[in-house]
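These are the structures in question, set out in turn.
The same subunit A turns up in both complexes below, where it pairs with subunit B and then with subunit C.
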Partner chain A sequence: MSLRHRLGGSVPVLVAAVRNVSRAKLRSALAAAAILIGVVSIAVVGAGGEAFKSGQLQRVESQGATNVYVFPGPDREREYFTREDLAEIQETVGTTGVVATTTRDGQWHRRSDRSEQVSLNYVESAAALRAITPVARGELPSTWRRQAVVSARFASDHGLATGDRLRISTGDESVQTYRVVAVLSEPTGGVGSAEVYLPARALDDRQYDRARVLTGSADEAELTAALLREEFNERRDRLLVFELTSLLRLFTQVVNGINTFLVGIGAISLVVAGVAIANTMLMAVIRRREEIGVLRAVGYSRGAVVRILLAEAGLIGAAGATAGVVLALPAVMVANAAFLGDPLAFTPGAVGYLAAAFAFGVGISLLAGAYPAWRAANERPVDALRG
Partner chain B sequence: MRLLARLAGYVPTVVLARRNVSRASARSALAVVAVVIGVVAVGGVGLGGEAFTQNQLEAYDGFGGVATVSQLDYPDDGAAEPNGELSEQEVGRLRQAAGSAAVIPVVRPANDTVRTPDGEALFTVRVVSMSDPSRFYELRSGSFPASSSRAVVVGSRVAENNDLAVGDRVTVSTDSFARSFRVAGVLKGQGFSDPLSADRSVFVPVGQFDDPTYDEALVQVDAQDGSLDETVERVETEFNGRDRSVFVDRVSDQRDQRAETFEQINLFLLGLGAVSLLVAAVTITNTMLMSIAEREGELGVLRAVGYGTWAVLRLVVVEAALLGVAGVAVGVPLTLGIGAAVNHALLGDPLAFTATGLRYVALGAALGLGIAVFGGLYPAWRAATREPVEALE
Partner chain C sequence: MATADEPEPILRGQDVVREYRTGGQTVRALDGVDFAIRPAEFVAVVGPSGSGKSTLLNLLGLLDVPTSGRVELGGEDVSTFDQGRRTRTRKRDVGFIFQSYYLIPTLTALENVEVPRLLDRTPVETRERATELLERVGLGDRLDHAPDELSGGQKQRVATARALINDPNLLLADEPTGNLDRDTGDSILDLFDDLRTEQDVAVVTVTHDEYVADAADRVVRLIDGEVRG
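Coming up: the complex of A and B.
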């Protein structure tokens, strides 16, 4: 108790404010409730939107934001890459790895009388495949010849397991049999994903329709992409170069825009809450007209009176905003769990929105309290005391 | 004025309530402001969203009585090659089945590239070819070229993003040709709902293709000649009898789906805006609580001289309702003004209010009034159940 008094003694304005606010409990509580609702609506929308954005970004990044995708450009005489082309690309990007692949449509002969279409992806080597997609089950042989790797979805859709045989043909070629040796782990999808992965030596032409350059980070990917564009597309577009970094940036921009708009609509309620605070404070100063007159008469300056009243408004705002943030937390945690898989995975952006909601709640209370405070402070003490 | 006074005499509670409300004008005014903001938030979001929806759906305007016909990717019979193209013969069958309806085959050539005069390749731009695009689209500038001429019409985004204007030249290359074309016209903006994505397309005259392969066909029925439903029925019978081989999609269905999506988004935004009305309800409760606390003695007197519990309750609720009425009276015109501004900006006509949009405004008004009454209930109950003796002390 004495500690509280000593602490309070160092900020007398605050002590007076606490006392004054609690003199009209219901009125102050309702004003704080108004702020609370506004803060909750901003915090939940803002931080929830941030969680959604981060979740989406993580998904995209896990699907190869560190890769640069390279396709034959419209100005090339051939619509595919040969090994020489790939060597040229490798030379430009230096030490980073280049994985060339070819996608084809194939026929999977499940039974002698029935076949269905599958998407095939021919990859140079087992090491290259491991570099572009994680393998969940099974082991890839070091010399990859008559083995196939299937995507997790394809395996589960058709009940395939390692050891099963796939009879596959492409175009007019004869049917080849491959043994399933591994299943990829989810998530696959993303650029250049396929259902069945086969060794490139099964191709007779060794023509690649795409390549990807593996880099260490999204930023590095962007630099590598710029390097390739500069080297190959000076005058003519010999390569189509895509990296996800610029797409990610665009996506972030769009989501941020939408989120700001939604938070803006949510913020309207805080403006109304500001009106409630103004009303409450106006009531308070009218009720305490004489009291304030006395304070002024015994030597309180205008500034001191304004300070006392602003402290009251700020206190109501802070109480409402604190309760609002506390109430918003469970909702944001639900959003975190849904989008990021971890209720406690608060992103910096989400924390920023929570802080902004709090600050906005207190700020608007101070703003709303300004007019009543100014009005009270500017009344002549004599008039106020006369009643 | 006399008439008004006589009329008011019939509803003494309202007269009394009005007087009470105006006794604390600053406080009442602030409560009204809260309601106004809430009403404007709900109505404004509703009207704005409606205007945006209409703006986006304008893209469908030219597509009345139109259905798209495309080949199924995986036909049931398995015999036909699933190449996604309509053959010349299939287009013929389609014309036969469609009867008097117009059949407009659409070519989307493979490996299409469009280049600006500087040689920059525009990767997001698609090449489209169909006879008579003027059937569906209007031009912002220039004119539609003849079918045989070496000229193209470009979509609005293509023109804006690449500074193309009528008279400029673009190079279009496809599987079958690579030629330079003069830009003959620029289309009006269609928005992202457009069935053919015209904004991002370059329309090449059909005559440029020696041996066109059709990717889809548009069937357009003139409202006077028959109904689209009957035509679609005939096309379905012709192509999708035993095995399904084509996919027929009415553009109006696409439009309805899109409109539904927009409406759901709008309702979500509306809900968010309605939170402010909740806060306004709290403000009303607060205001009325202050009011009855101030008039404790007065209300005690009323009770003492024979006012019943219900009469006091009614008085305070009517006071709260009056705050709501005032808020709605200011808020609705304000909302309509904002709506008119948005309509003017998006649709070019300030008075382009739709029934749905006005319903949102009415919803805002009803909610504004409703929350005012609701917010007044607790203070009214408190005032009415107070013992007169205690109140008079």
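Coming up: the complex of A and C.
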């Protein structure tokens, strides 16, 4: 007596179903293949779309979704922020950090006979610069006077390294020399990125053309933006307030919509697969009509016949769905690698789609098996056995 | 009435009528038949084709209920049983040997015999019993053969073993020796005799074979749905 035989005895319905499914191997395999196609399309589209979405979200968030960007509004008399304006903004947002910057065009005197235009960004302090941009190489000085920080691209375009000197002038002022102390890492922080970063104390007017409020999360950014609009823009638009969260929400909605639509198409292919399974099962119960009559005659209940046939449909579905998920996994891993930089970075949404595709594949199969099973179980054995 | 030498019948029928309605027509396959089947009895049902023999056997086996009249099992009218109870009663009390055997072609002889008990979750006992029965019908060396590797007589013996796997009190056979050679027929008849004497199994068999009818305790002759003689 084999172990397999003993084990099989505890799941007799499954044993019977396996026997029956393997009797019509080709037909069962074709029906399973139909389920496989549906499961693959749902899993790949759904989970791949999730990877795309969260990849884009991460990108956008890394580029400042936790920031609120504030500019002087059209109803202000001045087109810049003074230190008083910044204090007012700081008061409204409480302890949250505010970094004011201003962008100017400058001249870089590369050699005595030649100069080219550079975009300059003046930042209040080294700490403030560190808060808005990641530094790749070099050390920022604690008291920032005659030092410059350059963007990675600017450094590589011009072969600059820390220690090099930059001779820079703005407007009609005299040329000042700065030493490059640090290089930023790419990508530099989204809105208002510049080529060369200089200390705000180098500005004689201390006029800022923008401020950034640094919050801890995208949600906090959205709240802070609302707070600023409420405080400053009740009657007149004194501030222009931007935050990425509401854009992100729109983006998420659009991507979700497209994804749902594509997954819906996949789901239709699964419904078609369900029809294939229903057809297979219907053929099976017609071909096995007498055999099922014998089972009923020797004491199998209608319920037992239904269970065996549903198990057959479920097995075909589970085989197709398992193969489908196995085939979908590499495709989803490619999407993960492309959008998230790590093939194993399965997002919860992607795992959800994989699980849902599997469950839907098996569920459709059971549903498809229900009518043939019911029909077979309700045939009178005398009729089935009348030769 | 039960007397000392006549035990209570397993099954009793009174004025049993079975009509089939097909299209606009009604066929009266059984036209008021009375019967009683007692333990260990061997009854042969004979009659021309279409006389209602299979219909009678279906009623005896609780596969069917009469259009009118009563079929009683242990004093209870079987038409009051619901489907589930009829199914359970069939499993417990009745063994069928079908005219064309209806073995499952993809299963071995042994697995075919096990089929009626497959859902019982007693794989070890079922296998022992099935092996024992196949040995008893002389197929101990054919356990793993598929039906299409067996002769007509061997298939019939597999079908007989399958009918016996649940230890029925009533064995119903529809022309079991129909086209078998005499030797095989004899061995089946011997098996029936053993079952009757050892386990009080009642055997009802439809047959065209006078030889089988001669071996029976009692012959029921059906003509046009009525018992004659």
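The rule is simple: the second predicted complex is superposed on the first by the 349 of 387 C-alpha atoms of A that agree within 3 Å, B and C clash if a C-alpha of one lies under 4 Å from a C-alpha of the other, contacts with A are read in each partner's own complex, and residues count from 1 in each chain.
The rule is simple: contacts are C-beta pairs under 8 Å (C-beta built on N, C-alpha and C of every residue); 3 or more make two chains touch, one makes a residue touch a chain.
Everything numeric in this text was worked out from a predicted model, so none of it was measured.
Once chain A of one complex is fitted onto chain A of the other, the partner contacts of A:E291 are limited to subunit C, with no touch recorded for subunit B.
In the superposed model, A:Y300 lies in contact with subunit C only, and not with subunit B. In the superposed model, A:L240 makes contact with subunit B only, not with subunit C. By the touch criterion defined above, A:R27 lies against subunit B but remains apart from subunit C after alignment on the C-alpha atoms of chain A. Touch criterion not met for A:R165: it reaches neither subunit B nor subunit C. After overlaying the two complexes on the shared chain, residue contacts for A:R179 are found with neither subunit B nor subunit C. Applying the stated contact rule after C-alpha superposition, one finds that A:P74 touches subunit B and leaves subunit C untouched. Contacts of A:R110 after superposition on the shared chain: neither subunit B nor subunit C is touched. Legend: residue contacts after superposition of the two complexes on their common chain; A:L385 is shown touching subunit C, with no touch to subunit B.
Every residue of subunit A that touches subunit B in the complex is listed here, in rising order: 26-27, 30-31, 33-34, 37-38, 41, 45, 73-75, 79, 117, 235-237, 240, 262, 265-266, 268-273, 275-276, 278-280, 282-283.
On the subunit C side of its complex with subunit A, the touching residues are 54, 58, 61, 63-64, 83-84, 87-88, 90-92, 96, 98-100, 102, 104, 106-107, 115-116, 118-124, 126-127, 162, 166. Of all residues in subunit A, those touching subunit C in their complex are 1, 5-6, 8-10, 12-13, 15-16, 19, 23, 290-291, 293-302, 304, 380-382, 385-387. Those residues of subunit B lying in contact with subunit A across their complex are 26-27, 30-31, 33-34, 37-38, 41, 45, 74, 82, 111, 113, 119, 121, 123, 173, 269, 272-273, 275-276, 278-280, 282-283, 285-287, 289-290.
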